[in-house]
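Structures follow.
Heads up, the next two complexes both have chain A, just with different partners, chain B and then chain C.
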Partner chain A sequence: MSQAAAQTSASFSTPTVRFSPSRVWTLAHATMTQLMRMKILPFLLVLCALVVAMGFGLSVINPEKQLGQLKSFSLGSLQIFSIVIGIVATALLLPKDLEDRTLYTILSKPVPRFDYLLGKFIGVLMLIASGLVIMDAILSLILWMQQSVLFDAAVAQLHQDKQDTPEALAQLSEIVARQGLTWNLHWAVWAIFLKASVVTAVAMIISCIASSTLFTIVITFCITLIGHGEALIRDYFFQPNLHSTAKHVASFVLAAIIPDLTQFDVVDSVTNGQIVPWNAVNDMTGIAALYLGVYLFITHLVFVEKEL
Partner chain B sequence: MSTTPAVSVKNLTKIFKGSLGKGAFRAVHDVSLTVEAGEVYGLIGPNGSGKSTTMKVILGLLKPTAGETSIFGIPSTEVASRHSVGFLPENPYFYKHLNGRETLHFYGRLCGMNGAKLKSRADEMLALTGLEDAATRRVGGYSKGMLQRLGLAQALIHEPRLLVLDEPTAGVDPAGSRIIRDLIIEFRARGITVLVTSHLLEQMQEVCDRVGIMAHGRMVREGRLEDLIAVENQTEMVLENASPALLAKIDALVKAEGGDTRLLRSGHPRTTLERLFLEATNEPKKS
Partner chain C sequence: MKRKLQALAVLLIFGVLKLPLEQHVTRDLRRMRLVDEPMNLGTGENMGQMGLAATLGGLRGLVATVFQLQAYVAFTNVDWAQVDKYYNFVNRLQPRNASYWEEASWHMAYNAASYYLYSEDLKPGLRGQLYQAYVKRGIDILTEGLKFLPDNPRLWQKLGDIHWNRSKDFKAAGDAYWNAFQNGGLNFTQRFAAYAYAQSTDPASWQKGYGILKKLYDEKKATPGLIEYLKMLEQNLHIPAAQRIPDAAPVRSTPDPQAGPLK
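Presenting the complex of A and B:
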């Protein structure tokens, strides 16, 4: 043994490895940058351009219908975009790191597997969140511009028809304010983010179990579809056959295995101009946090045993 | 002085479970080896002999079916054991969107390094591996040899006491291969323990203190290289500028000795093809 080696051996003390937020951030940042380079951002910009074009392209029918259509189309697109990005990005990340052996170089460093998983997960969520924030800002701007344009056009029409009574104008103003830019729009975007987060966590579990990207994508899409119809399944199978306690247990088990994604469906309410109450936002956030906690724990249990 | 070995593998067996009706596969069978601190240990064997599986178990990437492995006395199953080890996998790839320096910063941060210390360490590693000029180039544009050297730099970024190199010269041209070989020799001089696998036996012979030969998942030979390759009952003597008369005298002396002593062969020693290649490709261009 060389002298240098002997000195190093004698003087070295091994520190313990704990959960490190900075390490998770390093992995999350690298993951987000990696995904940005996969041309996901141009896709987002094209989507933005389409929404902008649609916002100005619709003919003036009536303000309520037009603003509702704009929100419905935009929020629907955002929902699909965020779920697709969540599933595809997650399904690609782990197999790609494994195939390129990047996973070996990372996990052969003092990096706990949970830190790696969490970093990857947060990286995907950061990408989705960035996209949604950009889209939310653009949509808010378009709504704000459109609501004043439509209001002025509708007032002009009422004036032309000699129906511009104070009552009619007040009613028009109330409709435009309700359907225009309100906090409801941001809550709808928040709900979309929560739903995409839960779907991403499901994709993460499947990705850790399966070795095929295609399998992960197909199965997660299936679970997402079932998750949107879970209330129907519950009603159809459990309602007539089971007693109350058994029904609750069975519903709980079903909801634990397949997330009940209808819990995050507020887009229709927002499109119809209904108010999303605070407690509904809190409930959605709590349910999403519960799902994420459970799914990340399961993912960790699977990944820690995974043979690489 | 610490006597804890850098790597200890005791009775390691690794069986991969079969899936979809396929039977289980025993990749490693009852393998034991010890790598002492400061030495270069070569693990050699044909494809499928269990070398990479053994390395992955040592690094904690795979769990042993039976037996145990440790790095400087810490079980490989503990993440803390990875503080002391740097790993270069076969044909590594890195995030293509990062440049060489950013790649080293990324791996350094994973090891808890940051600030000026990380920057100076990354620059030191770039200089050591000869990648200073390519430090700001995207890794996606690196040649295979440069990727291998970057792999070595990332393996060394956190100042590990043990380097595990899986086929470090695979796919690299002879000049790049020579650079990596020289680096391994330098690591040993710096007191870094190296565990290396390679198919290039001649190179292994040049750098390894001890070797283990694996076949069919078992360790079939292990020991100091000089002991393993020495032919005990033969003696080699290399003369320079010897005249034919002197050679004739030596031949006569051997014959006069009688008994079992025989001159088996004499002639000009041959250089290696690798050395010939390097000399030929490094000659200045003739106008």
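Presenting the complex of A and C:
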């Protein structure tokens, strides 16, 4: 009798389900489609139209300033867009899947929870990435057009003022070229994407712990804000003359659990015409990959035990 | 519960391990001038910068641009106090952007100063006082900007321009132009440093100016203006006739208040 029971038990034991990239891709694709239905792309198109209009409507004190303003506005909008979408989309996904009971349908099949999480995460990142690529392409086009128009206008003005010396023209050309369309602009967009990815990963952890969407959004926004001051908290922690133990512990805990988001803040430097070298791109990409790896692992540990 | 504790442990262990790595990356990015260094301006000022950094994060550029546009509106409304206030915000948000310092000082030292100088509603004494006050404000803005960007030739050049054109402090103008040239400024800043030194009242500055101009002359880089100032300095410094340049040119005896670079 006990042998028969053992045989029955063996025949019903769950087979080991391995990680499957194709399954993750299917989930990611479905997540992106789900988010697209939330009318995020029309919002993006409106944002693009506003930036385009602004590009031609900014005050003209000098061409350098106008190009800088255009970049500053556009890259700033991209940062807001990517972080808001990353936080809100991630915060909505799990509760929505629970509410629609899609989560139960998926997890009742041989789909490991990690595949589900990774699929959701990649789906959100795909949406952010496609939005950033569209905006980058439009911004590049506008910058390229504005660059030539402003350069011609500035040369004409110099000629009219009889100041068009070769030295002045060379300097003007150098300034406009530095502020115009360069590879640095794309690296700035890449840095924005990396920052949004890290924020999305943080939102994913909070979403697995939290019981409400609002809580996830508020807490992730708070962490994002503190993340922009983490470098200062860390500098404070590492300073040698810190005698107070309470301050020491508090700054350590904050610096340890919050990601440093200022590492991806190269946008201001790019707007000022600073060149982004390969080393910096590697540094930013490497640290972002590390954050993502560890945060996804932590999310998995929390989610695998979550009662659904 | 076990997995949640494991998650907490991973978060803390990773937190400890990431700190030196983050320090390293931040140091690298600061070295490449992609991320701002913390400002060393005293505790109060540092706390302000910390607050701004933490509150606005990567959006400081965007907010600065909005304030700059507000300043432009205030400029079109001829509201100089507002212009100064908005640029103060802009420069606090973007202290490493030279063009904001330059623009703020231009508004104060040229636009606001000239507005009060030619304002017929004011008594002549007050006009002059306000003119001087705004020129000084322009100089102060550039001096503050140079604390953040000490090797920026453009800011040094603009400081030289204000000293030359507005405050008529030719020694200070010479020093500023010379610093511009030393930090990679265009070639004319070297000549302008010498011209400014030549017009100062200080014999030591004349000597400096003479050294620069004579060197350029010997390198066959003389311009009509250079020859004019060189002859002025030869006369003022009592250079022996045998060492004087042979060129014929009118000798300047007084500073030319109209001379100098145009804004």
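Note that in this section the second predicted complex is superposed on the first by the 270 of 308 C-alpha atoms of A that agree within 3 Å, B and C clash if a C-alpha of one lies under 4 Å from a C-alpha of the other, contacts with A are read in each partner's own complex, and residues count from 1 in each chain.
The working rule: contacts are C-beta pairs under 8 Å (C-beta built on N, C-alpha and C of every residue); 3 or more make two chains touch, one makes a residue touch a chain.
In this text, all values refer to a predicted model and were calculated from it rather than measured experimentally.
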Exercise. Is A:Pro112 in contact with chain B, with chain C, with both, or with neither (first, second, both, neither)?
Worked result: first
For this session: Using the superposition on chain A described above, determine whether A:Arg37 touches chain B (first), chain C (second), both, or neither.
Result: first
Exercise. Is A:Glu167 in contact with chain B, with chain C, with both, or with neither (first, second, both, neither)?
Worked result: second
For this session: With the two complexes superposed on chain A, say which partner A:Thr182 touches: chain B (first), chain C (second), both, or neither.
Result: neither
Problem set entry | Broader residue contact with chain A after superposition on the shared chain, chain B or chain C | C
For this session: Mind working out whether A:Gln157 is in touch with chain B, chain C, both or neither, as first, second, both or neither?
Result: neither
For this session: Check whether A:Thr285 is in contact with chain B, with chain C, with both or with neither, and answer first, second, both or neither.
Result: neither
Exercise. Taking the superposition as given, does A:Ile298 touch the first partner, chain B, the second, chain C, both, or neither?
Worked result: second
Exercise. Same chain A residues contacting chain B and chain C, which ones?
Worked result: 305
Seminar exercise, completed: In the complex, the residues of chain A that touch chain C are 58-59, 61, 64-65, 68-69, 72-73, 75-77, 79-80, 161, 163, 167, 171, 192, 195, 224-232, 234-235, 237-238, 255-257, 260-269, 271-272, 274, 276-277, 279-280, 283-284, 286-287, 290-291, 294, 297-298, 301-302, 304-305
Exercise. Once bound in the complex, which stretches of chain A touch chain B?
Worked result: 1-10, 12, 14-17, 20, 22-23, 26-27, 30, 33-34, 37, 100-102, 104-112, 305, 307-308
Seminar exercise, completed: Given the complex, residues on chain C that touch chain A span 1-4, 6-7, 10-12, 14-16, 18-19, 21-23, 25-26, 28-29, 32-36, 38, 50, 53-65, 68-69, 72, 94, 96-99, 103, 186-188, 262
Exercise. What part of chain B is in contact with chain A in the complex they form?
Worked result: 1-2, 4, 16, 36-39, 56, 59-63, 72, 74, 79-98, 106-107, 109-112, 114, 151, 154-155, 158, 161, 164, 188-193
